[in-house]
Structures are given as C-alpha cells and as structure tokens.
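Each remark here refers to the structure printed beneath this line.
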Amino acid sequence: MDTALAVHIGEDELPFVDIGDGSQLKVLQVKHGEGIWVIENIFQAGYEVETHRHTGPVYGFTTSGAWKYKEYDYINRAGSFLYEPAGSVHTLQCIEDNTRVWFHMTGSNINLDAQGNMTSVVDGTLTLEYYYAVCEKLGLPRPSVLVS
Amino acid sequence: MDTALAVHIGEDELPFVDIGDGSQLKVLQVKHGEGIWVIENIFQAGYEVETHRHTGPVYGFTTSGAWKYKEYDYINRAGSFLYEPAGSVHTLQCIEDNTRVWFHMTGSNINLDAQGNMTSVVDGTLTLEYYYAVCEKLGLPRPSVLVS
Amino acid sequence: MDTALAVHIGEDELPFVDIGDGSQLKVLQVKHGEGIWVIENIFQAGYEVETHRHTGPVYGFTTSGAWKYKEYDYINRAGSFLYEPAGSVHTLQCIEDNTRVWFHMTGSNINLDAQGNMTSVVDGTLTLEYYYAVCEKLGLPRPSVLVS
Amino acid sequence: MDTALAVHIGEDELPFVDIGDGSQLKVLQVKHGEGIWVIENIFQAGYEVETHRHTGPVYGFTTSGAWKYKEYDYINRAGSFLYEPAGSVHTLQCIEDNTRVWFHMTGSNINLDAQGNMTSVVDGTLTLEYYYAVCEKLGLPRPSVLVS
C-alpha cells in the first residue's frame, strides 16, 4: 500500500529559501490535518524569531553553529537536542553564522508581543504557502515537499 | 509501571460546571505538554461557541440532542462521529436542549472575529484552569482530572 | 482547502458488522500512516477481547451497558471515560448486553498469551480490511470510512 | 508551569552505549504513555537492524555517513530526511562507518522473520531499560534521559 512507503528526501532535493538577512528555510514535510510540519533552518548570527508560544510539542536537532532562547541560558550547538512542550514560550536568537537546525513541529506558533498579546500565528500550512511562493518567485519548480 | 495503568473516570466522578445559559463543561483529561485535552459538554438549545480554527485534529462523539456547525448542513445527533482536522474553521450552534458531546482535542482553538482576525485562544491548560476555578468557587473539592 | 473540512458520519451511515456472538464493530476512521483508528463497538454479555498491550494511547467512551478489564475492578458504564496509555495491558470482558463503546486508538494491539508471549497484532489497517471484507460478503456497498 | 519548559540536552550530556560491533545508541527522550521516543545512533559499516514494521510514524535525520533500507534504492547521507509512516516495513543496513542518525519514533518496532512472522517487539520503554542497564554495567551514573 502506498501509504506504507518510507520516503527519503536527500539534502539537495529541496532548496533553501531566504527568510531574511541570509537566514534560510527548507520545508520537508507538512501534514495539514495533523498540524505536523518538519523544516530545516540555516540561521545567521543575529537572526531572531519573535517570541511565540507553541500549541503542540516541538523537537529540535541542531547540526552546526550556535543558537539559544533568550529565556534560557543553555546554548544549542551541533549535537544538541531540544524538547519544547506545548505551552512553552520563547524567543529564538542565533549566535553563530550557518547554524543549522531541524525542527519537528506539532501545532502552531502563536506570536506574542512584549505584553504577551497575540500578534499573529504561524503554522505548517502557512509556512508551506510561503515556501511555495518564494520558490515560484525565484523561478524554481514547485518543490516536492512531502504533503498530506 | 504506573505510566502503564489504564485509568477510568466514571460518569459521576467529575462535576459538570456552567459555561453560560445552562450549558456545561466537564474536563476529563489534559496532557499539557502534548496539547491534548478531553472534555464532555452538555449544551442547551441556542448555545454558541464562537468561530474558531483548530491547530490540531479534533474528534467529536455525540450522545444526545442535536448541534451543528453554521458552516455545514449536517447535524450531529446521538451516534454521530465528527472529525475536525487541523486548520478547520467553524462556529458551533446547539439546536436541542441537553445535547451531549465528547471532544478529544489536540492543540488550541484560535477564536476569530467576523473578519477572520484572531481574538483569543483557548486550549487545554486554560480550560483546566477555568474548570478548577469554577469548582473552587462552588465549594467543590478539586476535581480529579487526569493531568500530565 | 479540502484537508481543512470537518467531516460528519451520522449514526446510520456506516453499518455495524458481526465480530462473533452478536457483538459488533463499526470502523469510523483510519489514518494508516499515523496508526490512528476510531471505531465503535456493540458488545454482548460474555464477549471477550484477548489480552493485549497497546503501542500507543487509547481513549474509550462508553455510552451504554457495562464492561470491564479483568485486570481492574472498575466497570465502564454509560458516561465512563477510559484512558489507556501506551504500554498498558488488559483483557476486555463485556458484562451486559448492548454495551456500546467508542475507541480512539493510536498504534497496534499486540495480543498476548497467558505467558505474555505475542500471538498476533491488530491495527487500524487490518481492522479496516476486515470491515471491508465482511461488508462485501454481506453484499453491502463499500462503507465510506474516513480513510487517509 | 514546569510542564511548559523547553529542555535542552547538549551533545555530551548523555553517553552513547554499544549496541554491537561498535555501533552505538543514545536515548534522548521517552514518553512512555504516548509511545514516543527520540534516539540518536552511530552505526558502523555492515551494521544491520532486523526487518521490522512500525506501529506509528518515524522521522529520521541523518547527520553523517551513509545507510539505507534494503527494500529501497535511496541512500541516507548527511542532510537526508526520512519519513516512515505507520505500517512501513524495512531492514536497516549501514554502509559507512560513523553514520549518525536521529530518530523521532512513535509506537513500536515489530520485528519480523523472513516469512513475515513477528519475532519480537522493541519500543521506547524497552530501549530505555536497555540504555539504563548498560550505563549501570559500565559504572556510569543513570543518564538524565527526558522521561515522562
């Protein structure tokens, strides 16, 4: 049955696209109905992801560079594993250039301002639309993200 | 191992509390870190739940009465099963008194105004806080919700 | 987007089929790749489900009758909620006729003999195949189970 | 709330232990009741994992070396992402020394002989017990795996 096939995506099969200041995004998998998404980022030093709260658990695997959450002292480096439960709130800050991280995400990122008010929501569906749109703008073929 | 015990909650072990106009809520289980929550509602005719989008999948089991989503024609009655994928948006409307529904929820409900702007978020953690608070106000002992 | 539609299955839209001694099964939803399945059972007094261990969490909602696990004292009746974590092991025994239960299942049931040895495995995919096959044998059209 | 803290495990915080022929295992997280486990492996060329079927989805992230499933042509190398849905069956074979892979696993691995008969089951709970036992035998302190 097709639904029982393991699917491989090699490093060069999907492009990284810019998300600002030289930082990049690759979208590997989106399960719309489950709210599950798998991405890989390359962050440059100084890049920040605004404060957000997760509605489901997130698992992060860092393979190079250094980054942290402003709310915590620890630094993610190559070989670091990070677990972010639903309800956790944090602000990503990249410390070194070419910091690479895989994220296995469940649910949405609810972005928050300094007073803790919601400002916007990011999820797998929106991230995939962004990824497709940037690829199209760059004249690239629609990337073969694993979508279900 | 404790973590492998099946846990039973009998019908009368947890109270229903008011959520407005005679409609009621019972919170059965909250897994904070997973963003999973299980509740039972008793809705009265005319009760509405504001338009919301789910960040994870929801499964609904109706055991009496009648209710619908304004966005759909079908009516949930005793024996109905409802599947709401992540990303689905709808507005609950109760049609008959004493409509009872179990919901197995993943993630958050992002409430939306008529223009589709986010107005607030409801999740298992907040719902549990509400449930505890109402029980306390009623002079009831803290209910033995299955919390992890 | 199609993937964001809430899907309703009314009580009479899918048939119950026999699973022995007058007990019955309805399969509502199978997500093959997630290992998630939703079923409803009608059990008759004396019906047993052999001892099994779950590889993922299971949520049970009883709407009529009475049943128990041999390993526990509590009895599931109308209004009972049951949570069975991954790793839990038990033997279902029906006490009263026309006991109805919804199960939201994740993963497989690994059936065990009296010595705890695995004898077989049941999962959503196999259960759906069984359900389709019995319906076909009865001359019924293929039931519109929610399959993904 | 404690349940909303993001938890970091640095590369050197948990030991790799031998699983045969110089291949190694590190257990990062086990959610017993969810059937979720996160591990990292270092495989040496020639190492094999017997044929198994998954009861839930698995996500693999390769950071060095080369490995494949005998049932597929593609080769996982640094930067490869692999998605294995519930129900998928395969036989891992390592091609190059020091092949490193993170696996985010849901459910159990049901091991199968050449005729497709079940021979044994491996899950997060058993893998954690093995990991603890080997660490104890080596005189290491109990590793701070993220357990819930």
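Order of writing sets the chain letters: A, B, C and D. Residues in each chain are counted from 1.
As a convention for this text, contacts are C-beta pairs under 8 Å (C-beta built on N, C-alpha and C of every residue); 3 or more make two chains touch, one makes a residue touch a chain.
Chains and their UniProt names: A, B, C, D = Cupin.
All figures in this text were calculated on a predicted structure; none of them were measured in a lab.
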Chain whose average C-alpha position is farthest from subunit D (Cupin)'s own: B
Homomeric contact subunit A (Cupin)-subunit B (Cupin): same or different residue positions, threshold half: same
Centre distance in Å when subunit A (Cupin) and subunit B (Cupin) are each reduced to the mean of their C-alpha atoms: 30
Inter-centroid spacing, subunit C (Cupin) versus subunit A (Cupin) (mean Cα positions, whole Å): 36
Junction residues of subunit A (Cupin), two or more chains touched: 1, 3-4, 32-34, 85-87, 125
Subunit D (Cupin)-touching residues of subunit B (Cupin), taken from the complex the two chains share: 1, 3-4, 32-34, 125, 148
Touching residues (chain side subunit A (Cupin), partner subunit B (Cupin)) in the complex: 32-35, 54-57, 85-87, 106-108, 110, 118, 120-121, 123, 125
Subunit C (Cupin) - residues contacting subunit B (Cupin), complex: 1, 3-12, 28-29, 38, 40, 59, 61, 63, 69, 72, 74, 76-90, 102, 104, 146
